[in-house]
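Each of the two complexes below includes subunit A, the first together with subunit B, the second together with subunit C.
Let's look at the complex of A and B:
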C-alpha cells in the first residue's frame, strides 16, 4: 500500500472516524483504524464493535493499492500537528506504516488487516432515503428519553418505526416517553421496526446536520446502516421487542392548559432548586388562569412560583419529577406548550400548542 | 491455534454438525465429563464451526474467511468467553452481567453469537441466577456452550435449560495412539500413564510432565517414609502447598487402587503398578473400613477445594498423613 494525500483531505474523515474508536480498548486491534486504498479512493474504518464508521476521501496519487491498520489516535495526532497544506505520503513497508510529510518521517506499527472486525457490506432487507435534517430532528426530539443501562435492555435505545412514507422515533425509560413522527418520501413494502442502541443513536447524531442532503438507511436484521455523503455509519441493533408505546399515550384527558414554554421552563427550573435532590418532586396546582408550582425539601425549605396559563375547568393538584418536565420543555421548539391532564394518578401529555409531530408522555409522582 | 477436535470427540462433533445442518441446534449445550477430556478444545471446535461462513458437512472451519481469521487471532467480536478470573476462583456475577449485555445486542458480524462459559459449576449462586434469564430464551442465532467437570454441582435450574452432551472416554487403543503421538513418550510409558490417569488422555499427558512426575515421586517417598515410621507432620511440611488439589487426587486414586486390590486381590485392576510394594505393605496392616473412612475424608477435602473454600493446605496435609500413618502402621 502506498498513496499520497493532502493533510486536510485526510484529517477531516480521520477525526470523525477516530471519534468512534474508544480510548480504552480491550482488544489492541480496536484502537486501530483500517485504511483501505483503492485505485481512486481511500476509506478509513473505525469501530468499537458496537458502531462502525467508514469515511471516504480522495487521495492525490495512488502508487500501490492495498490496506493496513494503524493506531487511530496516533495517526490523527500526527496529522493534526503537521503544518497546514502539507502533503502526506503513507506506505507500508515490512509490516510497518511509514508516514512522510516534507522533512518529517513517522513509523507506525500495524496489525493484520484480516483480524480487523469490520462489518461486511451485506445486503439489507430494505433501503430508504431520507434527508439528514429529518433524521436529526427525530433524534434530537426524542433521544433524551432513552434509558441508560436499564435491566430492560430493550429500553436502552431508540425505536425506529418505519411505515410507508412515515418514519417515527420513540424513546422511553419507563417514566417518560417521547414520540416524534415525520412524513418522508420513500416507499416500503412492509412496516419495519428496529431498536438502535443508545451509543449508536448518539454517534449517528454527531454525523447529522440540518441540511436537506440525502441519507440512505439500509435496514437489516442485525444492523442499521446509514450512508450520507462520504460516510457510512453502521450500528448493531438491540435484540429485543420494544413495548407497545401507542397504548401508553393517554387518551381522554379533559384538563388542558397552555402556557408560555420559556416562562414555564424557567419557573420549573427555579422551583427545582428546592425540591428533594433525590426524587426531584414538584407540586403543580392548576386553577383557572393560574398554575402554582411548589417544591420543598427535607430541610423544610420551600419554593413557590405562580405562572399564568390559559385554562378553564376544575382545579387539580398533581406531582411530577421536575427533571422530566424540563427535559421536554427543552426540546420543544414552540412558543406555547400544551399540557393535557386528567387526574393526579394519570400521566400527562405534553406537545406544542395545537399539536405537532412530537408528543411527550410524563408519568406523575405521588407526593 | 488449532481448532480441530480431539479424535475421541469426532463423533460428537459430527453430531453437532448434523444438527446444525438440519437446523435443530439447541440454544444451549452443557458439555460434561471429567477434567482432562479436552472439553475446551471441543468448545473451540464448535465455536469455529458456528462462525465459519464456508464450512460444510463435517469440516471444522475453513481457516481463511474473515470470521476464521478473527477467531484464530483470538478475538472474534461475536464470541464471549467467560472463565474464572484466576484458576481455582469462582465466576462472579459481573462476568455474567457481561453475558446479558452481549446477548441483548445483535451479532456484530451478523452471524452466530457464541458464549463459551466454563467451568459451569464454578459460577457462584448470584452468577448462576443472573444467567438464567439470558440462558432461558436468547435471541436468534445465539448458542451457549457451557462445560462442567462435575455436572452434579451445576445448579439444577441451569442444567434444565441446557441440552446435556456427555463427552465419552476415548477407546484405549485410540487414546494410547494419541498419547504416544502428542505426549512425547513411547508405547510403554504411554500405557503406564494412561493407567495412572484412569484413561483420561490430557490428564495422562499432564501427569507425565517432569514437574508432575517429581511431585508424584515426592509423595511416594513420603509414603515410604511413613511406612518406615516417619513423622507425618514432618512429611506434610515437605509437600508443595500449591499442589493441594493434585496431591489429593493422587491420594484418592491410590486409595481406590488399594481398596480394589485389598478386597479382590486382583492385581490387574491396579492403576499405579509401580506402587505395588506400598500397597502390599498397606494391605498387611489395614482394614477395609479404615480405608473407606480415609477415602471419604480425602473426597470431602477435594470437594472443599473445588468449591473454592480455600482450606489451609498445611493442615489438610497433616490431618491426612496422620490418618495414613495410623492406617499403614496399625
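Let's look at the complex of A and C:
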C-alpha cells in the first residue's frame, strides 16, 4: 500500500472515524483505523464493535493499492499537527506504516488487516431517505435527555420511531423526557421503532449538518445503517423495550404560564449557583404575573430572582433540578416558552409558546 | 420466591492483616485499640477466638484472656480498598447489592440468569473470586429472604456456604434458638426465656396478641420471623442518617476548657468525613458527651453549617448538665432524609 493525499482531504474523515475508536480497548486492533486504498479512493474505518464508521476520501496519487491498520489516535494527532496544506504520503514497508510529509517522517506500527472486525449487519428490512437537517434537528432537540450508564440499559439511547412520512425521536433518563417529531418525505409500509445506543447517537450527529443533503437509513432488526455523502455509519441497536412516552406526557395541567425564554434561562442559571451542588434543587413560586425562583445551599447561602410571566391563576410552589430546566431552555429555539403545571408532585410540560414540533416533560423534586 | 445471598468476610480486618503479613496467620491477633488507651477489639482471627477473645471486647480484657495476643492498630484506608474490590465483585453478579458495612452485604439474585440461576453456584463463584482476587475468604448464605440468608452465612463460618431452599426453610427454622433471630439480643432472649420460649417452634405457639402485649411493635416482627416471613427488600440505596466522629480519651478531660480544646480536632475530622460523603445535605448538628460516671448526654440543634463555634456552644451547654470529668466526646450531623429532597421519577 502506498498513496499520497493532502492533509485536508485526510483529516476530516480521519477525525470523524477516530471519534468512534474507544480509548480503552479489549482488542488491540480496535484502537486502529483500517485504511483501504483502491485505485482512486481511500476509505477509513473505525469501530468499537457497537458502532462502525467508514469515511471515504480522494487521494492525490495511488502508487500501490492495498490496506493496513494503524493506530487511529496517533495518526490523527500527527496529521493534525502537520502544517496546513501539507502533502502526506503513507506507505507500508516491512509491516510498518511510514508517513512522510515534507521533511517529517513517522513510522507507525500496524496490525494485520485480517484481525480488523466487521460489524455483521444482517438483512435490512427497509430503506428510507430523509435529509441530514431533519435528523440533526431531532437529535439536537432530544439527545441531552438520554440516560448515561443507567441500569435500565434501554434508556442509554434514543428511541427513533418511524411511521409513514413521520419521524420522531424520544430520549429520557427517567427524570425528564424529550420528544421531537418531524414530517419527512418517505413512505414506510409499517411503523418501525428502534433504540439507537447513546454512542451511536452522538457519533451519527457528528456526520450531520443543517443541509437538505440526503441521508439514507437502512433499517435492520439489530442494526441501523446511515449513508450520507462520503460516510457510512453502522450501529447495533439496543435490544429492549423503551417506555411508552405518550403515557408520560401530562394532559391535565391547569396552570400555564409563558415567559421570555432567554430571560428565564439566565434567571435559572444564576439561581443555580447557590443551589445544593449535588441535588441542584431550585424552588419556583408561581403567582399572577410573577415567577419567583429561589435556591439555597448547605452553607446557608441564598439566591432569589423574580421574572415577569404571563399568568393568571392560583399560586403554586414547586421544586426542580435546575439543570433539567436549563437543558430544555437551551435547546428550545423560540422567543417565548410555555410551561404547564398542575401540582408540586406532577410533571411539568415545557414547549415553545403555542406548541412546536418538540415537547419536554420534567418531573419535579420534593424540596 | 426471592433468592437472597448474604456474603460476609471472615474476620475481615484481621484477614487483611494476615493476608499482608502471612506470618501472623497462626498467631492470635486482633485489630483494635490499645489496652492502655481503653481500646476495644474490632476483629480478631480464629486463633484468638480460641482464647475467648471477641469483637467489641475491651482490649485489656482480651489481653487477660490471651496474653500473647498481638493487637494491631486498624488501617481503615487499606480495609476500604479491599472492601471496594469485594463490593465490585458483588456488582458483577447483580446491581441489587445492599452493603451493610465494609465486609458484609445482601445481594438480591432473583433475576440473575448467569449460573443457570443457581444461587449455590453464584455463592461458590463469589467465594472463589473473592479469594483469588483479594485473598479474603467469604462466608455466604443463600435463602429465600434476608433474615434466613444472614443466619445461613453464619452457619458454617469460616469459609462457609449454606443454602436454605424454600422447602428447607420450615425445617431450618424449627431447629433455631430464638437468640439466632435478628433483633433478639441477650435482653430479649432473657425475656422470652421467662415466658418459657427458647426455640422458634415455641415462639410460633405464642399468639400475636400476647407477643404485641409483651414486646410492642417488635412482637409483630417476632411473630413473622418465627414463621420464616421477612418481606424486607434488598435496599440498594441504604439510607445514611448521620455522620459523626467520636473519641474516648486516654485520660479523662478534667474540665470544660479541656473539652473545648479537644473538640477542635474532632470538628476537623468530621469535616474530612463529610467531604468523603460528598457533603450531603444536613439539617441538624449534635454533640455527645460521656462523663467519667458513664452517663451519656447528647444535645442537638438545627443547622446546616458544622463549624467549630456552634459545636463549642453545644458542648458548653451539654457539659453543664453534669459538670464533671469527661471520658468521651463526639460531634456529628444528622442528614436531611432523602425523601425530603427527592427527584421524582417519570415511570
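Keep this in mind: the second predicted complex is superposed on the first by the 298 of 367 C-alpha atoms of A that agree within 3 Å, B and C clash if a C-alpha of one lies under 4 Å from a C-alpha of the other, contacts with A are read in each partner's own complex, and residues count from 1 in each chain.
By definition in this document, contacts are C-beta pairs under 8 Å (C-beta built on N, C-alpha and C of every residue); 3 or more make two chains touch, one makes a residue touch a chain.
Note that the coordinates shown come from a computational prediction; the quantities given were computed from them, not determined experimentally.
> Mind checking subunit B and subunit C on superposed subunit A, clash or fit?
After superposition on subunit A, which the two structures share, subunit B runs into subunit C.
> Applying the touch criterion given at the start, work out whether A:98 contacts subunit B, subunit C, both or neither, answering first, second, both or neither.
In the superposition, A:98 touches no partner, neither subunit B nor subunit C.
> Considering only touches as defined above, state whether A:279 meets subunit B (first), subunit C (second), both or neither.
After superposition on chain A, A:279 lies in contact with subunit C alone.
> Could you tell me if A:27 is touching subunit B, subunit C, both of them or neither one (first, second, both, neither)?
A:27: touches subunit B, not subunit C.
> Considering only touches as defined above, state whether A:236 meets subunit B (first), subunit C (second), both or neither.
first
> For A:174, using the defined touch cut-off, is the partner it touches subunit B, subunit C, both, or neither? Pick first, second, both or neither.
second
> Is A:188 touching anything from subunit B or subunit C once the two structures are fitted on A? First, second, both or neither.
neither
> Tell me the contact category for A:49 with respect to subunit B and subunit C: first, second, both or neither.
Only subunit B; A:49 stays clear of subunit C.
> One more residue to check, A:307. First (subunit B), second (subunit C), both or neither?
It touches nothing on subunit B or subunit C.
> Superposing the two structures on chain A, identify the stretch of subunit C from 26-34, 116-124 or 242-250 that clashes with subunit B.
Stretch clashing with the third chain: 116-124.
> Which residues of subunit C touch subunit A in the complex?
Touching subunit A: residues 95, 278-282, 304-305, 339-347 of subunit C.
> Looking at the complex, which residues from subunit A come into contact with subunit C?
151, 172, 174-177, 243, 247-248, 276-279, 281, 298-300, 321, 345, 347, 361, 363-367
> Write out the stretch or stretches of subunit A touching subunit B in their complex.
The touching residues are 27, 29, 49-50, 112, 114-115, 117, 119-120, 122, 153-154, 156, 197, 220-223, 236-240.
> Note which residues of subunit B are touching subunit A in the complex, please.
Those residues of subunit B that touch subunit A are 66, 69-70, 73, 75-77, 100-101, 103-110, 139-140.
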